[in-house]
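In the part that follows, the structures are each spelled out as structure tokens.
The following pair of complexes shares a single chain, chain A, combined with chain B in the former and chain C in the latter.
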Partner chain A sequence: MGGHSATGLLRPGVDPLGSAFAALLGLSLLALPLMTTRPNRIAAGTGLTAWSALPSGAVLLLGGVVALGLPLLALRAAPPLRLAAAAAILLLLGLSAGWAADHLTLPGDRYGRVSPDAGWWLAFATAALAVGDGLARLRPGPILRIALLALLVGATGLALRTGFWNNLSVLREYASRSDTFGRELRTHAVLALTSVAAAAALGIPAAILARPVPALRTGLLATLNVVQTIPSMALFGMLIAPLAWIGRAVPGAAALGIAGIGAAPAFVALLAYALLPVAAATVAGLDAVPWPVRDAARGVGMTARQRLLQVELPLALPAILTGIRIVLVQNIGLAVIAGLVGGGGLGVFVFQGISQNAGDLVLLGALPTVAMATGAAVLLDAVVDLSRGRAAERVP
Partner chain B sequence: MSRAPPLAWAALLALLGVFLVAPGRFAPLFQPFAPGDTPPIYAQTPLLTLAVNHLLLVAAATLTAAAIAVGLAVAATRPAGRDVLPFARSVARIGQTFPPVAVLALAVPIFGFGAVPTLIALVLYGLLPIFETALTGLDGLDPALMEAARGMGMTDRQRLLRVELPLALPMILSGIRLAAVIGLATATIGSTVAASTLGEVIISGLLTGNTAYVLQGGLVVSALALLIDAGFRHVERGAARRAGFRS
Partner chain C sequence: MIDLAQVSRVFEGRTVVADVTLRVEAGTILTVVGTSGSGKTTLLRMINRLIEPSTGTIQIAGRDIRDVPPHLLRRGIGYAIQGHGLFPHRTVAENIAVVPKLLDWDRGRIAARVDELLSLFNLDPAAYRDRLPAALSGGEQQRIGVARALAAEPPILLMDEPFGALDPIIRGRAQEDLRTIQQRYNTTIVLVTHDMDEALHLGHRIAVMDAGRLVQEAPPADLLGAPATAFVGTLLGSGDRAFQLMALRVVDDLVEPGPAPGPPIPAGTSVRAALAESLWSRRPALPVSRDGVILGRVTRAALEAQGGRP
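Moving on to the complex of A and B:
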């Protein structure tokens, strides 16, 4: 081993984590079925390995890229090289799903279904983890992370728009529901976003007002903590009756959309769940403002209002934003339950799919939910990092 | 809330016990919420049976998740696993953004209906908070303390069992508490995939427009969650005292 200090691109030795990724990728592509074909949407499927599911050109391409990429992952290659290898494999898996679906769909067959099988999911998850690991080793800054997220969203959107995956089973489910899908997706996003915005508008001032008074502060946090323990399904359900009553009894309430059915109970329940983390994060953030900073602000003659707005809140912002990140991600997930109480959202597809025993319909609701939640987490994590940098500038 | 006097917890526990054993006695309380002549108390399956099923499911899932997650956290904090640590931490962080309902829904096409997909979703979802807190607990130990343990001639194994794990125990327990409370709520949703849990009562109420059932199911699950949360906090305080922290 002459050149251990050599190029820097490839050092001798084996990377333990990368080897695990390489082994899992190899295993999933060689030993497990890549795709499943079914005569119709609820029939049992037949698993197909990579080489029987893909056209021969694609098999060669996938095989070549994997054969080249796996050693780079397993050996101690430089982080950019590992990232490139993992990203190439991930991209090719995404393309393979579309190619296989086109290859396996007989011309004019409207009932047959082609969907990814265990091998594809395992390989895809592993490749995604390898990309994440490659990124983590490079420590990209918040702006770059947001740019990468935008690139990923753009590429996926483009593939969906051009109909690249249209022969996949999930998109067959979409095709027969394209009119309602857009509406439910919008309902879902609006429910999650507005409930969090309302929670911030109520929770932050409540926390600021209650924080200096020990009894109020304990009472506020304890009450909100109890609300968190009510199971989401029950809270959504319990709100139907009172909201129906308000809708009937209070003049003008019905015109605002307050009713026992529809999105109102879902909105109120999501708001209730979001209040505690936002209020608790505000209290914790304000508590953490260093004492000398407060003292200095008082020393230069700032009024209580100025201190709050110009010193304490800006310093507490990263903590408050972290609380908002937690509830936004949580509410994107919980909004699925709205589908169970007639509130709409992507949960409609999830629960329809469950009751029809149609896994692809479940996926049609669950995949966008997961994508939205994860995207929101990455975006807000970057925003928290940015605000932390800004808050640090304020404290000399 | 965690500071409520023990008497209040005992009263809540007793009330829950009486309600589960003899729910019929509470019928007048729920009567106003039941439409028309429908029975105010869910009777298709005894509430006690459902509560026991619910708790067993959550307990099995949380214990499995705790065993796996603590094992993984110990492995990731050994010298050989150090390289993996930042990666493992970010996986746990991103993994927790997967909504529990979505995890449960995705388990159905793979594992079918009933308690199995619910159990698997609960285990998967419970892993992450326990793993994250166990990592924080094991990784955040004072290096001087570890050096002292090494200086006393303790082997790696002795250090792990007598120093690191006891000191990290309060953190690990708080992760398990979080997993159990989330699991309790998620198991409710398990009823949509035909697992026999207290969610059955709520769903039946939603389907028939019987708010009394929704209330019953919701209140029992909430009481269980509050009691488990309080119980764990009590044990955590004990563990923290033994570890020499002030709480």
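Moving on to the complex of A and C:
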């Protein structure tokens, strides 16, 4: 595990990637505004630097942790130390957003908005990258990665539940839409998951059946390829056209300017996009089974079914799961556009936010989408590693 | 045991195996030798129906193999190939147990058989049972490949260049293992190789294939003494003939009474090795012993005479 030995926690020299992280963090916190305050949700904002946005105790704490952490990132510190430094900065940024919001909100003010500004976002993204880099250097196993993800989800959930960030503008938007948010979040997840599940249920058997027949195989992949090349907006657009007519024809249907007829067209479009990656991954995974292994499976007297279930599919499984991981992350993102065709989901907030020129509302839709996609990616990467399992011990 | 009668195979208008008639006696090793594209692998793969003959019939123990469903036929015939074809996601024990499992042996019997085979190939069962093929050396993978082929104690073993990927030293050891196992289980073996030395060394009989035809099928000494065609002669190579012949014989039959200087050689030594020892140690005669008892001596002249054309 890891390349670090007992040579010490800090070795002489500069870490190139870590220096870039440290420089970005320093720059974003010193030169850019940390938070923005606005008198109401659509007014222009005033940027505030870290030292004017935070209470003095928090300024000292953030300054101290950053002053201690940046050298650890920039110098060639041992991976656990770098990870601890990056994680501490990330955690403190999360806390700072809450503290700043409480600090800047006047008692009883229900219209004022406090939100993170460029400096906070840049610092947060950089710290997140530094945490990812620190983790990558430690190469944690799949189980540990899932545990870390669960920890992060749990901590964020706890902060949300206790109302720690309630004075942040995004959560102000949430407060006024808490009745529909849960429903749209669920719709979004269900849309993404069911379309991928349906794509797997259709694509994997289709690929298994079509693969041995050259004409079928080419036909299948070519057809799905054509579907894949239609840009997402165009595909959803083709579904919108008839719906827009309904929107015009039916009075009151166009409350948002875009009418829809429910989740069905969104589901169909997401399914169509997911089919190619799943089918292609299945074909590629099965193709990659070495010829001697295939020949031996026949030679020892396995039936076609036994060969498929006991040899070919298990060996193709990591490739198939990688395909599913790609489409799940893709569809969690694409499902936002379902909001345009009335399919519901978090896209509803994104497009409402755009039409109302309310950036906070856009974020209310976008942030959970990003979190969900990232979580799905981490989770499925770990599952892919687990499926490789014993084969991962392979010595080159 | 195995009878091929006028067997041909045509692939897309090209005759790969042409009219081969051949018999493999039970408990013997037949080596099939030929250049690439001579049809030797196709011939082998027709015996377990991995390829079906275009014409002709193949019988095993008097029964036409077309009367048995292919997967059932194959479970009764061991099959080992170059590159071993081990299942990379299964442990050594699971790989060896594939055919017994297909045959529904009970767990205890399978486990006992796996350990028995590992011991037979000089691999410690406790150390190797749960390893994956990737954690084995090339020689070990090859041995597991042969062990898998032998797992269900098949009366017949088909081998396609099983030692092709091994270095010469490990290859020699694998060949000795195979001879030992063949004698122990009295298995009928058909082994395909492009290496004439391997064919001569392992085969009770050798079948030479050229462009799909069987050009000669004979015991090693006959093949060396009287190659049927120029092609067989080329495969044998004219330079080494005398030594190849001497390698097939042992000094046991050449012992005569009388004294000889220096340390004795065992009676099982090949004529070729004995001649080399005689030349190297500058002794015109060598004492021969069996189980530590001196039987007599063998002279260089007697050894040299074995290299003459039969």
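Simple rule for what comes next: the second predicted complex is superposed on the first by the 357 of 396 C-alpha atoms of A that agree within 3 Å, B and C clash if a C-alpha of one lies under 4 Å from a C-alpha of the other, contacts with A are read in each partner's own complex, and residues count from 1 in each chain.
Just so we're on the same page, a contact is a pair of C-beta atoms (placed from the backbone, for glycine too) under 8 Å apart; a residue touches a chain by one contact, two chains touch by 3 or more.
Keep in mind the model is a prediction, meaning the values are calculated, not measured.
K.L.:
Tell me the contact category for A:Val311 with respect to chain B and chain C: first, second, both or neither.
P.N.:
Once the two structures are laid over each other on A, A:Val311 reaches chain C alone.
K.L.:
Among the partners chain B and chain C, which is in contact with a greater number of residues of chain A?
P.N.:
On the superposition, B touches more of the residues of chain A.
K.L.:
For A:Leu270 in the superposed arrangement: first (chain B), second (chain C), both or neither?
P.N.:
Touch status of A:Leu270: no partner.
K.L.:
Counting only touches as set out at the top, which of chain B and chain C does A:Leu29 meet: first, second, both, neither?
P.N.:
neither
K.L.:
Once the shared chain is lined up, is A:Leu340 touching chain B (first), chain C (second), both, or neither of them?
P.N.:
First partner only.
K.L.:
Return first, second, both or neither, reflecting whether A:Ala58 touches chain B, chain C, both chains, or no partner chain.
P.N.:
So A:Ala58 meets neither chain B nor chain C here.
K.L.:
Regarding the shared-chain residue A:Ala297, is it in contact with chain B (first), chain C (second), both, or neither?
P.N.:
After superposing on A, A:Ala297 lies in contact with chain C but is clear of chain B.
K.L.:
Is A:Ile332 touching the first partner chain B, the second partner chain C, both, or neither of them?
P.N.:
After superposition on chain A, A:Ile332 lies in contact with chain B alone.
K.L.:
Quick check: in the complex, which residue numbers of chain C touch chain A?
P.N.:
Chain C residues touching chain A: 48, 50, 70-76, 79, 81-89, 91, 98-99, 102, 132, 134-135, 145, 148, 158.
K.L.:
For the complex, give me every residue of chain A touching chain B.
P.N.:
My answer: residues 15-17, 129, 132-133, 136-137, 218, 221-222, 225-226, 229-235, 237-238, 240-241, 329-330, 332-334, 336-337, 340-341, 347, 350-351, 353-354, 357, 359-360, 362-363, 365-366, 369-370, 373-374, 376-378.
K.L.:
Applying the document's contact rule, which stretches of chain B touch chain A when the two form their complex?
P.N.:
Contacts found on chain B: 1, 3, 33, 80, 83-84, 86-87, 90-91, 93-94, 97-102, 105-106, 108-109, 113, 181, 184-185, 188-189, 192-193, 199, 202-203, 205-206, 211, 214-215, 217-219, 221-222, 225-226, 229.
K.L.:
Note which residues of chain A are touching chain C in the complex, please.
P.N.:
290, 292-293, 295-303, 306, 311, 314-315, 390-391, 393-395
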